[in-house]
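Worksheet: the structure to be examined is printed underneath.
Each chain carries a letter (A, B, C and D) given by its place in the written order, and its residues are counted from 1.
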Amino acid sequence: MKVGVLTSGGDSPGMNACLRAIVRVGISRGLSIFGMHGGLQGLLDRSIFELTARDVSNIVHRGGTFLTTGRSAEFRTEEGQKKAARILTDEEFDGLLALGGNGTMQAMTKLCKLWDGLIIGLPGTIDNDIQGTDYTIGFDTAVNNAVNAIDKIRDTAQAFDRTFLIEVMGRDSGHIAVHVGISCGAEAIAVPETPTDLNEIATIIKEGRARGKTFAFIIVAEGDEEGDARTIAKKLSDATGENCRVSVLGYIQRGGNPTQFDRILGTKLGAYAVECLKKGISGVMVGEMGGELVLTQFEDTWSSQKGLDLWLLGLVDELSI
Amino acid sequence: MKVGVLTSGGDSPGMNACLRAIVRVGISRGLSIFGMHGGLQGLLDRSIFELTARDVSNIVHRGGTFLTTGRSAEFRTEEGQKKAARILTDEEFDGLLALGGNGTMQAMTKLCKLWDGLIIGLPGTIDNDIQGTDYTIGFDTAVNNAVNAIDKIRDTAQAFDRTFLIEVMGRDSGHIAVHVGISCGAEAIAVPETPTDLNEIATIIKEGRARGKTFAFIIVAEGDEEGDARTIAKKLSDATGENCRVSVLGYIQRGGNPTQFDRILGTKLGAYAVECLKKGISGVMVGEMGGELVLTQFEDTWSSQKGLDLWLLGLVDELSI
Amino acid sequence: MKVGVLTSGGDSPGMNACLRAIVRVGISRGLSIFGMHGGLQGLLDRSIFELTARDVSNIVHRGGTFLTTGRSAEFRTEEGQKKAARILTDEEFDGLLALGGNGTMQAMTKLCKLWDGLIIGLPGTIDNDIQGTDYTIGFDTAVNNAVNAIDKIRDTAQAFDRTFLIEVMGRDSGHIAVHVGISCGAEAIAVPETPTDLNEIATIIKEGRARGKTFAFIIVAEGDEEGDARTIAKKLSDATGENCRVSVLGYIQRGGNPTQFDRILGTKLGAYAVECLKKGISGVMVGEMGGELVLTQFEDTWSSQKGLDLWLLGLVDELSI
Amino acid sequence: MKVGVLTSGGDSPGMNACLRAIVRVGISRGLSIFGMHGGLQGLLDRSIFELTARDVSNIVHRGGTFLTTGRSAEFRTEEGQKKAARILTDEEFDGLLALGGNGTMQAMTKLCKLWDGLIIGLPGTIDNDIQGTDYTIGFDTAVNNAVNAIDKIRDTAQAFDRTFLIEVMGRDSGHIAVHVGISCGAEAIAVPETPTDLNEIATIIKEGRARGKTFAFIIVAEGDEEGDARTIAKKLSDATGENCRVSVLGYIQRGGNPTQFDRILGTKLGAYAVECLKKGISGVMVGEMGGELVLTQFEDTWSSQKGLDLWLLGLVDELSI
């Protein structure tokens, strides 16, 4: 059984642990595993090479993806998709494992219709915005990266008695923002999924000061409907009379050695994907929900939005009294 | 409603986030929260003081427990238990929240029979050896601490082509060892729950060398039946002809800023415990299983042993080919 | 001997270790030490309180400054300076220790002329832009914070084969940029002290690609004459045809637990400042140069610019071949 | 000019940054650089390979040494030394760069007498016990590793009001212990260079308790004349009546990504060694003293012991009041 594997879209920590599991468990169970360089474009460019157990030595603890990744404009065309299917057939692949986010699962939905080999997806993205798994590979590390950065900013916030607006990743979803906000004891969390009321946040800041709070953190998902952190900071500065500071965490959230959570999740899903391939399963993404390994049809992973934990988000006001 | 709160047994990272949630959500919902200093002994010594929302400022991100903790010899006697019940009645407490491990849940089982106030337990221990919750508060941080330490040792292992035996915490259980071992790509994991075959491990080391592996990690839970890491290293050195090195991670696993996982788990369980108290619930430990907040009778939290993920442990051989 | 101590300007990691040394060595040698809250404004507002040995417990390892800091508009006026001198006399202070950056040393230059007590400065700023000391308290931590952040970004740079422009602190000086750039293996370092040639940098990027380099880091001090990282990235994207990415590290550089270097430098300079006060020395900043503790007249600390290590900066081209 | 390079003795963080500087600056200045695998034994085994600029990509930030290292029993014999000289001549080497500690400098002292090529040493060891440089490559990282570990243990020490004995590396010298002890606010530091009085330490612990200190750290260099941390803990437990706890930090001190200090020191010394080779200099170790790059005859690097900063060590009592 000849199986291709690729990482697509943004890199996320834990992808390497997952690739290691795929390659080693795959080889151990009789598969031949071939890596594709640079995501779907690597498939289109036939940049494909066989992987041995030694090729994945010493990567379980590393961020990024040793296969490298990318976004392929060519694959977005129908032409490109047909070409990918043709190459998979030409090269006599039996299966394909694709590790990536939302966009990758959409790409696989299309490829499934054009190629009759087995395709299994694995959720690798820091955004945690995929249905069919409680957590995506990379989310835990990204949140911890943000939390550790904010723990540092706390020193300056305290030293200056300041209010800080901190922008975290999340163009369409507030999963990172909610986890970061609760973890850092934020006074408010602005996310795209729920209406953000800047007057209310201004009141929270002012009333907190009145109760003796010396500094405040407002966490902003980059996709919040009121604008990015800089825009919101300006409005809040006007509304509160304070000079609110801004920190945009950016790329530091994406990298670094993965946490144990992401190494283990990546390892489990990688091994499970191999088990499923061996059983002839196709057209699904592997995931973990409620502690169980589960399968979800590609279409169901991206066609509806994954909800936030609204109970947790609703606690913010009480937690920051 | 007057509610006492204490942390007992070993400290674990995330306890402070949990205490903050208890105090703030508690106050916000009309409770008066009183801290007890140094665990159960603090109750026995009437070292009790009211907590305000400001008293838990700036602790969400800190390891340890600001209430301090301890193990009370006095409470282990029937006399001590009766005295504790008497003090709770004398001081007109309506409820008690106890954050700790196995031993704490056993203590609460006894106290429930002697005092008619509401008692709720919260699982705070790095060992993850309590039934009724998938993860205990502190486990994720402890595993990450160990993993980060081993990522450093990896540099030396590689530089010298060495085999390292690494001892992690876990006197009666291998939860930490399994998570650490999978995360660090260990060649073998020795835990108390399953038989440890040193001949087999020696073979794994020697065969790995033959396949081109340049170094190896063996993770040992301190309670493994073959002995501690030093003892096992000696036997493996004899069996392999290599000079196997040892590192005992010890206390560094317990401390440090909690991860986002433990801050959030602590926060959720703290808030949930307050909600349960308000409903008059008693005699149970709060926990999270399969993503749901759940309650477990005190006795059921410690009377049987929590199983390891044997599927994951069984993958070790294939993952380290 | 009654001595005041304050931290002024931006907070920097190691200030707390320095304050601890001042308080404890001071008390041990018979001084009474009084903290001023929030920098020079605290002095002007008579927000002054005596410090005991216990008040500086458990801060040696913490970033920020427990005295809090600030920039005082009032002190910038002649009126304000006279008021400060008057308060110091009124409150019967014998000495004042001021921990801060460039601006703080300028303030002390002025205060020296208006008050006849003993004044000693201590260099606390992440910018390392003060003459009279090889390194300022906080510089080493700030550089390490930036370096650790870039080590994470490296994963994404590698995964995507990208060029990253990374902006570090340094409005008027490139000390942080040079140390960060060398430490991260940057292809080029843009600093205010030397002319920045974007065409040359574009050529370096393109020629590096031709030699097989898969990604590149360009470090930009925020005060570079060619603009901030975003501006430079745009020009370089045009010149190279690549989509150069930007990361502005911002406040995360300032906070976090200090490194051993800053804890020790802070401790040494704090103890030395006390020794100097006891000897009746005044009008100088303490520092460490070439491994020796030294004194520099206030005016000489800020009247000329501290040079970069040009030999080191000149190595960048060869180091990144 | 054909130049060999090897790393010998214990690995130390920053060695890779140093090797990168040697290879790239060397090649840039017309040298051919050849790596020797596994230290002096690699030379003896003719395990020698040419290094290109690309071979040292992506290692500036990594601990360990990509050349790997080792201790060679063969080289310790006169026979072995002669063989090494013969191979260097056979292979037509013009120069040799050796990166290592005390033992490496002793080996080079001998090799200099047997081979007439140019030999330059570079100080790479975490112990900082070499004359001719203020700091060795790796010392700063090792101290920070230890300090970060103890910052974690602090949480448990505080939570339990405990005294902790912490053993750090340093078989013959207390450099690490002194830096760690000052950085962590230790109550006492036991080093081989000065007499350790356990009665005095017991008194310090007891008097600290009486003054309101809730926990204590005693830092022990592994080579202290009173024994290792476990032995000392037992005696102190008897003398104080407390149950003193022990943590032996071990190998975690040696690994991990190097700090900016060690990356820069490694880079500077690597580039400087190349410059010296080009000038025909031989028989010396490069170092940095008082901010200047300096050369020291091999024999002078190890024939006398490098002193501790006794002023700093003498401050411990006052700093921990």
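To be clear about the criterion, a residue touches a chain if its C-beta (ideal position, glycine included) is under 8 Å from a C-beta of that chain, and two chains touch if they have at least 3 such contacts.
What you see is a predicted model, and the numbers here were worked out from it, not measured in a lab.
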Spelling it out: a chain qualifies if it touches chain A and also touches chain D; which chains qualify? B, C
Angle (degrees, nearest 5) of the CA superposition of chain A onto chain B: 180
In whole angstrom, what separates the CA-based centres of chain C and chain D? 28
Taking each chain's centre as the mean of its CA atoms, chain B sits from chain C at a distance in Å of 40
Nearest whole angstrom, what separates the Cα centre of chain B from the Cα centre of chain D? 35
Shared interface positions of chain B, touching two or more other chains: 151, 154, 158
All chain pairs satisfying the touch rule are A-B, A-C, B-D, C-D
Chain C contact footprint on chain A (complex, rising order): 7, 10-11, 13, 38, 62-65, 68-70, 145, 149, 151-156, 158-161, 164, 245, 247-252, 254-256
Spell out the residues on chain A that touch chain B in their complex, using ranges where they run on. 17, 20-21, 24-25, 27-29, 53-54, 57-58, 60-61, 134, 140, 143-144, 147-148, 151, 154, 158, 179-180, 182-185, 211-213, 257, 259-261, 263-264, 267-268, 271, 289-292, 312, 315, 318-321
